[in-house]
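Across the two complexes that follow, chain A remains constant while its partner is chain B and subsequently chain C.
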Partner chain A sequence: MFDRFDIFFVQQLINGFSVGLVYALVAIGFTLIFGVLNVVNFAHGEIYMIGAYAGLLAIVFLAPPWVALLLLVLAAGIVSGVALERAAFKPFRRFRDEASLKSKAMRESTLLSSLAVSIVVRESVEKIFGADMQAIPRAYADAMQEPISLGELAVASGQIAILAAAILMFAALQWILTRTDIGLSIRAVAANPLGAQYVGVNVDRTVIATFAIGSGMGAVAGILIGLYQGTIFPAMGFAPGVKAFVAMVMGGLNSIPGAVICAIVLGLAEAVATEFFGQGWADLVAYVFLVLTLVFFPTGLFGAGRERV
Partner chain B sequence: MMTTRRSLLAAAAPAPVAARVAVAQPRRILIGYQLPLTGEFSQYGERFRNSALMALDAFNRSGRLPVPVEIVFEDTRSDPREAVAVARKFVDNREIVAVLGDFSSSASIQAGRVYAEVGMPQLSQTASHPDFVKISPWQFRNITTQAYEGPRVAEWMRENGVRRVAVVAIQNDWGQSVVSNFAEAFRSGGGEVVATQFFNPGNREFRAILTEIARARPDAIYIGMFYEDGAAFLQQRRQLNIRVPVYATSSLYEPKLVELAGAGAEGVFLSTTFMATSPEPHVRAYVEEYRRRFGSEPNMFSAQAFDAVNILLEAIVRAWPEATRARVREELARTRDFPGVTGVTTFDPETREPAKTLARMRIENGQFVLVR
Partner chain C sequence: MRTVLAPLAVFAVLFGALPAGLSAAGSGYLFRLADVTLIFCILALSMQLITGVAGLLTLGHAAFYGIGAYTAAILSTRVGLDAGLTIPASGLVSALFGVLIALPTMRLVSIYFAVATLGLGEMIYVTLLNWVSFTRGPLGIGDIPPLRPFGFDLSSPLGTYFLVAALAALALVVVHRLAHSYYGNALRALREDDQCAEAMGLPVVRLKIEVFAIATFLAGIAGALWAHTTGYVNPADFRFAESILILAMVVVGGLGSIPGAIVGAALLILLPEALRAIGEVRILAVGLIMFLCILFLPKGLFGEVAALDLVRRQFGAAWGGSPAVRPLGWR
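Showing the complex of A and B:
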């Protein structure tokens, strides 16, 4: 047992931490829309994929500097987020009567509409670009995939970039949510859409803004992770989307710090699990965590329960 | 009135005979092709369809049969459940005399059970799981299996002085057969398999597996996966600075592997039945026409499908004019020394396993180079 705690174990922890960061990066935008705003959205993985493809197109045709690339992808994410909101969510807000606004079925119907949009988008991208992995121009791929040796340990340059991006996004989001007017209205709409409307919050605008912010972050996550893993393909959003969902539920749905911490715990647990049983079983870890959380901590590990009227 | 009825009866009486003649002399011959045209594996299905259309056009132009042959393509996403639904559809269509596909062993085997029940010859270009041809005498394949490839790779490693091997394979029927066939042959040659890892399809994060393997300190790593997983695996191996030689299954022979994995792909050993850079004239003709028509490079999968379609067409020609399902099956079993782009192919009449020649390759400076 103790012979396992060697240099390889430390490497395994580094691997796990970086996987966790990948999940966290996806989970941040996801939790903002799904958890904080409390809108059931299953198209975040496709926004993530669109971000990767938009970035790839920019790289192939413009070869922009890094800052410009990230800004372009951010813009693509914001545009597709707003479009997604328009297509899959706004039609369900047409009914302004109190019964519809309070109706759970009404709220959850976006589960299907967002899923439908996600399938249409994924299949269209597949039709246009093909289902296989896209080749990434070497200059950009190498920048994210360069090995950095630390003695016997190794990290990739992309892992450091993803760590930086995760910290930056997390800080930005916390700042937006707690220090800005739009953050205040997002929290107000999340707590009670009807009440927010009564006190003069523009619900439509708030929802659109949330989608813009969350999707912009999702798209940036997509290009960063796509370049780092060297895998850009239409179905790329599915696996991290599922893990981000688990992290969000574990973190208590409405807590972004909770989702980030749980994402990292999830990554670490998966990597360490490989030490004890085959990697084929490591996916089980996420689902076991999900079930355990739901059974023993129905409000999540970091959730304070939702303020509801 | 009576006469009319009698004449109707009289006309009806020889009808079965007429029908039998009609079966023997159809206006066209239909072949079913079940393949993934959407979903995760659609790039393979696309290649199969491209090659099939090439083979079919050339065949119909040649006028070797008085009637045209047509192929009905049905999308299964290579999902075993959809494969069964398509198989039912094909067997119900009395015009279809034989079926090609599916892509994955899992989908081919599930569909194969339907074909076995009804009696429909099935020829898969890629299903390499050992159990596939064991379903019934109606199953054929045009790909050498892991039972054929595994021992040859094991032998190659022994010649290169490899004693300790770590094996990584995809968690599905095919991946299981990669590991079992290779490990058995390698152990019986006195080698040791020091680590075995399976990963779930769709997983592209191999760092945990690589770290776990590195601890066992193998002389070589043998990987059984598709080129996309392989590209991610090889990249991450380079990032983790693991300098162990890698041997790969023939499924990694794909020019895009080098494009995707870059420097990570350097030095990988693999065997193959098809080489796009082969100087043989019929291979060059195939590669050039494929390139011209579809604007992309053919790979082993496209070549495998091209040969499978041609083998089936040959069998139909030999069965003509009695192109029934049973006759086509008999003729498929008689395939001998078929000169395809994936080498000279012979089907064993009993086991229905193909025999082909395997070439050894290595990736050097971003190119697949013939080793010997």
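Showing the complex of A and C:
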């Protein structure tokens, strides 16, 4: 009796781990953009949602093979990320003088504009596709639900796919950031935009590249999770967006590994809370973590000291 | 002269022209619209006090509005209290929560404060949604009695309008007097630079908690009015989107400007309502108006501070750090 419960609990932890990976996938893109622009991109959850809808459209009209599907969604994410940058971020980078660049004015004034753009995008999608849940065609969704048993535990193939995607994306990101020219300039701009400009880095192009990479990852995360859960809806970006944001704050705002670890911790904690208090109350966990982190560790669990919080 | 004429004009419109016009039109829908607009005027005014005057960006204001609405709903349906008592009680309960939430969070500045209020607002929403035995969860609470404070029957559209208008006028006077006093100047000093204000001897944390308590009191009153005039409350009405709507009103009207809060509230309630013919586009219109406003009118319609300046300065303080301290890139 008792070890049955134990197995069940471990199963719950595995599910929580995969939920945490979902948050981590969203949090990677979020933190990447934050690292370069030092601004919260409120529209990241909408990119995630656009990825899911682009995937659904591709499945319905083209029924492509898996690799082509992921590439199409990646392309959709890149295009929408660049469009988002153009609409909500670029107009506020008109400040060119040293003082406003140093005060990071060009980056931080965009909080409200990205919020406004996210509202417009979500509502437009709702107008076009309706606010209801849309089911992903079974031919694709079922492939994510095949059980794989590991001893007494069972894992869905979708969970393995999400784990693989998370590892792949994290590795690809590290490769881009450390081994490519564009990654080098992204790191340069993240460290010091003015200095980067002085040594000839094209800041505009770097910011666009950051948005393309971060949004492409967000969109792929959206379709993977849409496939895994079987349904997508216009407001689907809000909850993972907020939780990825919580993970980013817990991780110390500009630490990508920190955000990933905190996202997984968050997923595990939610699974435990669901086990003991029920689904509805589990939503509270993220917010409790957020407030506790802000009050007791204002610089995040993995962050270095900042001047003042 | 202006100091007499402007309030006189506002009161003449609020208690003379507007109710006369509405009665002449005789439409319940228009009365309802006027009530909702005035309730949102109270909310926008209270947020103006926190965000515009004291410079604290809050993203969880709807939660206090919700606490007020649920207090009024529960007190009047379960305890059977009179509307004359539930309205002030809602304000007090909401202000109590405001102080409880402000105590730990007021030490945070800028974006950290904004994020903490977002988190706390969502916590209150989740609680309203899941504490089914107390709040009836997603079903909401219905059959809230209309306004009959102390035996006066104000449940007719005109009576309700007059009560809501009176309370909105009271909120306007309170916020106006607060913002244009030495107290308001102290709050503006916090907005401009709270470290400097502290160095000048202002009790910064205490001022922030006080202003938060006053604003959440007003939000609670607005919630009680919403509960009594609608007759039904549901957690979905007090979510993040509603906080953003109130923030948009303040940003569109102009941060720090009291007429701005009122015009912003009226614009963002009435314009989407006027667009209803095209379909349900309320939130879409709010987002678009907010976006265009940030892009082309950074100071809002009447603002004394550009929204961008506020955000920029606040974020500069929190995230800036000195280049020597700030580590390079990601860790």
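The criterion applied here is as follows: the second predicted complex is superposed on the first by the 288 of 309 C-alpha atoms of A that agree within 3 Å, B and C clash if a C-alpha of one lies under 4 Å from a C-alpha of the other, contacts with A are read in each partner's own complex, and residues count from 1 in each chain.
Everything below uses one rule, namely that a contact is a pair of C-beta atoms (placed from the backbone, for glycine too) under 8 Å apart; a residue touches a chain by one contact, two chains touch by 3 or more.
Remember, it's a predicted structure, so these values are computed and weren't measured experimentally.
Colleague: With the two structures overlaid on chain A, would chain B and chain C clash, or do they fit side by side?
Modeller: clash
Colleague: Identify the partner contact of A:37: answer first if only chain B is touched, second if only chain C is, both if each is, neither if none is.
Modeller: It touches nothing on chain B or chain C.
Colleague: Between chain B and chain C, whom does A:192 touch in the aligned arrangement: first, second, both, or neither?
Modeller: The answer is second: A:192 touches chain C but not chain B.
Colleague: So, A:271: does it touch chain B (first), chain C (second), both, or neither?
Modeller: First partner only.
Colleague: Based on the superposed arrangement, let me know which partner A:123 touches: chain B (first), chain C (second), both, or neither?
Modeller: Both: A:123 reaches chain B and chain C.
Colleague: Using the touch definition from the top, say if A:70 reaches chain B (first), chain C (second), both or neither.
Modeller: neither
Colleague: With both complexes superposed on chain A, which partner does A:177 reach: first (chain B), second (chain C), both or neither?
Modeller: The answer is second: A:177 touches chain C but not chain B.
Colleague: Now for A:92: first (chain B), second (chain C), both, or neither, which partner does it touch?
Modeller: In the superposition, A:92 contacts chain C only.
Colleague: Which partner reaches more residues of chain A, chain B or chain C?
Modeller: When the residues of chain A touched by each partner are counted, C comes out ahead.
Colleague: Which partner does A:28 reach: the first (chain B), the second (chain C), both, or neither?
Modeller: neither
Colleague: Kindly classify A:6 by the partners it touches after superposition: chain B alone (first), chain C alone (second), both, or neither?
Modeller: First partner only, chain B.
Colleague: Which chain A residues come up in both lists, the one for chain B and the one for chain C?
Modeller: Of chain A, residues 123, 238, 278, 280, 283 contact chain B in one complex and chain C in the other.
Colleague: Which residues, counting only chain B, touch chain A once they are in their complex?
Modeller: 38-43, 46, 171, 196-200, 202-205, 207-209, 211-212, 214-215, 228, 231-232, 235, 238-241, 256, 259-262
Colleague: Considering the complex alone, what residue numbers of chain A touch chain C?
Modeller: 31, 35, 38-40, 88, 91-92, 100, 103-105, 108-109, 111-113, 115-120, 123-124, 127, 177, 187, 190-192, 238, 242, 245-246, 249, 252-258, 278, 280-281, 283-284, 286-288, 290-291, 294-295, 298, 302, 304-309
Colleague: Taking the touch rule as given, give the residues of chain C at its contact with chain A in the complex, in rising order.
Modeller: 104-105, 107-109, 111-112, 115-116, 118-120, 122-123, 126-127, 129-130, 137, 240-241, 244, 248, 251, 279, 281, 283-284, 286-288, 290-291, 294-295, 307-308, 311-313, 315-323, 325-331
Colleague: Over in the complex, which chain A residues touch chain B? Could you list them?
Modeller: 6, 8, 11-12, 15-16, 18-19, 22, 123, 126, 130-133, 135-136, 138, 141-142, 145-147, 149, 154-156, 229-231, 233, 235, 238-239, 270-271, 274-275, 278-280, 282-283
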